[in-house]
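Below are structures written as structure tokens.
Two complexes are shown next, each including subunit A; its partner changes from subunit B in the first to subunit C in the second.
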Partner chain A sequence: MNAGTGTKLGWGFVAPALLWTLAFFIVPFLVMGAMSFATLEGRSLVWGLHLDNYIELATRAYLWRAILVSLEITVTVTIVSVVLAYPLAAIIAFRVPPQWQRLALLLAILPFWTSYVVRSYAWLLVLAREGLINQALMNVGLIVEPITLANTRFATVTGFVHFFVMLLTLTIYANLVQLSPNYRRAAADLGANAVQTFRHVILPLTLPGIATGAFLTFVLCIGDYVTPQVLGGNNELTMPQVIMVQLGRRADFPLASALAIVMMAIVTLAYLASARWLRLDRV
Partner chain B sequence: MTKRTVALLGGTAISLFGAAANAQELNALVWCDHTDDALIQPFEEEFGVTVNVREYEGTGAALALLEQSRPGDWDVLVIDGIDVFRAAESGLLAPLPDDQLPTADFFPEIVMAENNTLDGVTYAVTEKFGYNTISYNSEKVDAADMQDLSTVWSEKYAGRISIYDYYLPVMGLAALAEGVATADIDAGSLDTIGPVLSQMRSSAASVAGVVAAQTALATGEVDIVVGGGEWLTAVLAEEQPELTWTIPDQGAVRWTQSIGVLADSEQPDLALEFVKYIVSPEGQARLATSACFWGMPANSAAGEILTDDQKSVLRWDDQTDYLTRTQLYPAPDADLDIEMQDLWLDTLSQ
Partner chain C sequence: MRMAAWLYLILAFGFIYLPVGTLVLFSFQDGTLPVPPFNGPSLQWYTEVLADDDITAALINSLVVAIGSSAVAVVLGFLAAYGLARHVLPGSAIMRGLLIAPLTVSYLIVGLGLLIVLNRTGIGLSLFTAGIGHVVINLPLAFAIIYASMGAQHENAERAARDLGASEAKVVLLVTAPMLAPTLAAAFFLSVTLSWDEFIIAFLLTRFDITLPVEIWSMLRSGLSPRLNAIGSVVFLISVTAVLILEFTVLRRRRS
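What follows is the complex of A and B.
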């Protein structure tokens, strides 16, 4: 096979993926970008290079609050999910016998098998004033009256963490099982205890896996509409909720597109941050 | 006959069969109450057709969907009564023959010719109505308190309220609480409505959509739903009769939904038959008691078909009083709509 044939074959292999990306990402993104500079006059869409939507974004206090709330929730969920998923992944990778690891992973991701919306409503019932948690706490005498758990940020974060711990467990586990046991043996030979081995050897080597999972968590969490709506009781406006309000009745696609562009900019910044500091390219 | 010829003939036959099958399908863009088989099947059996229903939420979403579809993709549209003019102005709806619609049997307040016609031409017909008012758990709150809107969202019930997540009816209720008629809401009256919304918001445990509000009330998470009504509690009436609703002394907001034929429909006659079925007494009775949500039928002749129990849940005998004491929910123009939505989002983010 000569070089020319190889090149053509290579393009042949990547062409479907390129066409897919072009058709379902690049073109929609360009349309959304153009739409964000359009405007509504009455109920009619007017294309052009209008900055009205971005000016509105800059001047509406509730939009800034929505961005802030989205970021607060997303960062909290990402941190809590990493903290919970890492030990779980480590236990599966290092403590569970290899022949049982697949089953352990299967059990870890079992909640993925149920509908996301159904799972959110199920959490609502668990966290309700007359739900499982309040009943249990009252039965053991820890509380006298039900406490408010549902329709709070706590509920939103709980619903998200339940979902994303599974995702992070998979990405971190994939990284952990690639580590040669020789690293730990070498650290032990050099006198490092378990904590020192983890801190100076294991953790740095698994940062790419953490970064990948954390970035995916960040992207999926900041764009999620269902969980804040169902579990948060709409008590705090997030960006996806503001976007949905623009579309639901008024069909204000220009303003919704501008909001989506801002969200994409935030995600891009998150990517740049994680790629630079955590060497995402190594995964 | 060669294999190729057989294949071609077979393919042609399949195409023709497919086309014939398509001709027997009616596509309707609807609210969830039209997805009930008990409503759709009798029409399908009578006309030997299949009705494909696609559910949507929010007029904006429906109009966007129609814009993105090919002409002829959709035959029937169910739309918020206050938004018929938006669809008619956009040329999306076909004229309906007045003489084939049984509006003479309708509750007079629900005919709403001013909403369903444009320049003297009828483009839609009202099919169902109800109220955005106060739903509550009669075992947990004092029914007398629910008669005064200002008490409903007062400190007394702080943390026990859910607000229905749709700004138009809720702002309509806030306006009524301050003595502003829903039809008189303008940019100036938003200064009056704003503080009421803030008070409501500070007392609320959640701002919830239909399912979440229903769940919250049914599970005891909240005891009151501002903006609720028969559509929220009627389906729970049998299991939880303590969940009820009332129209406060200041009045409440009335919602309506209309149905029309799309201008690009390739089977307008069949689409019209569907509309006629939906507003017939039989169709109305089934629509009123749809599994998704109950509501009053526009056609009062449905009363002859509904059972006494069903009419009791719908509060059939109180409708004259309710229709007098309620107002159609706000129908803002585009500019006022933006201001109302901004106020709503500002309130939600507080």
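What follows is the complex of A and C.
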């Protein structure tokens, strides 16, 4: 405790940020929670403890299917991104000369800072019917007719993987460079080959980096509206897309709120599942 | 093995830069479709974009929201970090948790909650309400970054200033804030980058005076166009500039 400063003064410093968070985050969040138990009768809102929205989520096919689609896409994206990012992080950490590593990492994650909307549009340029990939494949003679790449789940997953490979490269690299080279030396001295060293030494030691990145990937991926909307089209809807449909065309705020609560519950479960390895404070 | 590693590195960079490279290349397209074959280079789409009043208005709106909300987030985050790092407060762990909490919730949910409250209270949607939303998402980051660098090494200087008769306000403004300047700058630029690119909250919480990502979103409905490439390239360039400034300030802090 500092001389001449009191608890009251301390409160004075914390109060503005705390009030802001309470007024514009906690209160709206609680209202949204209450809203998920309200129902619409015609156009008017009836507050109360109705379970209608949650029952609807469990029984209406296009609603629970959206939850499934979101989960499938998110799990696919998380796994593919980890598998692609790990070698990249390892190459930057172990093969690129130390004085170039910072630059290599900065370059590897620079497009990470493109806005969601612009990045998704850029992938559309690549994947569209008349886009880069189709034109290239037709010029080489591999295909005669353009193949459908945009407006598919493949396109959504590609757009997501692109983004999260960069994020995961960052978290896994941060983990890899913390490892002392002695671990690898010791493993080699004990006769382990490169594969054994990786499986039994490096991989277990980098689980925190993987878990942290994978958790962030999961959270950001499941909550994103833009990527599936631009790249996936409307063939199958994810949870955020359904929430936006409810807000827009139907103005069904209670149902949108219930879906948002379900989304949060899924994220909480993912957190509990990975909490053992998470090092969120070290990101 | 070594060859395979370099090959993978090249392929990975190719994948990472494929979309943004295509975006920038075809922003110089001479023609109306941003797809191969490339004819150009031509600056016609940039001149057209810069002459478009809707786009320039949205660009200015975005800058205003980004700078305004980041300034508020950094000031609030700095004060809270100072209060929690330098004063013994009951329940400080809970307060830290509360301040960090918005980080764990997706932007869509933050926007949805605010939209419901704003609708209920009859407060109209505007650039200002989008700014409020952006402070909500940037305050936790600003607080966390600044709190992490509130090391004890600065405490002696603060104590000395106090002993010499400085008021608490003077200590904060003239001693603590200048010592933390690189951190404050880093928090500010990170916050600007995130707010500048943010779409969903701005989309939900603005109505007429929209930000640039929202303007781009509405242009997307008419399909591929070199205009979108040009404006997307401008957005990317501004983000990269902010990130490089951030990198520079963080680097400088690490060295000192």
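Quick note on the criterion: the second predicted complex is superposed on the first by the 247 of 283 C-alpha atoms of A that agree within 3 Å, B and C clash if a C-alpha of one lies under 4 Å from a C-alpha of the other, contacts with A are read in each partner's own complex, and residues count from 1 in each chain.
The working rule: contacts are C-beta pairs under 8 Å (C-beta built on N, C-alpha and C of every residue); 3 or more make two chains touch, one makes a residue touch a chain.
All of these numbers come straight from a predicted model, not from anything done at the bench.
Look at A:G42: by the touch rule set out above, it reaches subunit B but stays clear of subunit C. In the superposed model, A:R250 makes contact with subunit B only, not with subunit C.
Of the two partner chains, neither subunit B nor subunit C is touched by A:I210.
In the superposed pair of complexes, A:V230 makes contact with subunit B and with subunit C alike.
More residues of subunit A lie in touch with C than with the remaining chain of the pair subunit B and subunit C. In the superposed model, A:A128 lies in contact with both subunit B and subunit C. Of the two partner chains placed by the overlay, only subunit B lies in contact with A:R65; subunit C stays clear of it. Using the contact criterion defined above for the overlaid structures, shared-chain residue A:A150 touches subunit B, although it does not reach subunit C. When the shared chain is aligned, subunit B comes close enough to touch A:V242, but subunit C does not. Of the two partner chains placed by the overlay, neither subunit B nor subunit C lies in contact with A:V77. Touching of subunit A by both subunit B and subunit C, each in its own complex, is seen for residues 121, 124-125, 128, 130-131, 230, 247, 253. Partner subunit A is touched in their complex by these residues of subunit C: 1-2, 5-6, 8-9, 12-13, 15-20, 22-23, 26, 33-37, 76-77, 79-80, 82-84, 86-90, 95, 98-99, 101-102, 104-110, 112-117, 119-120, 132-133, 135-136, 139, 143, 155, 158-159, 162, 168, 172, 193, 196-200, 204, 213, 216-217, 220, 224, 228-229, 232, 235-236, 239-240, 242-243, 247.
Considering their complex, residues 40, 42-43, 60-62, 65-66, 69, 121, 124-125, 128-131, 148, 150-151, 229-230, 233-237, 242, 245, 247-253 of subunit A touch subunit B. Contact residues of subunit A toward subunit C in the complex are 1-7, 9-14, 16-18, 20-22, 24-29, 31-32, 35, 84, 87-88, 91-92, 95-96, 106-108, 110-111, 113-119, 121-126, 128, 130-132, 135-136, 162, 165-166, 194, 219-220, 222-226, 230, 240, 243, 247, 253, 256-257, 260, 263-264, 267, 271.
Interface of subunit B with subunit A (complex): residues 57-61, 63-64, 86, 89-90, 159, 162, 165, 168, 205-209, 211-212, 215-216, 219-221, 334, 337-338, 341-342, 344-346, 348-349.
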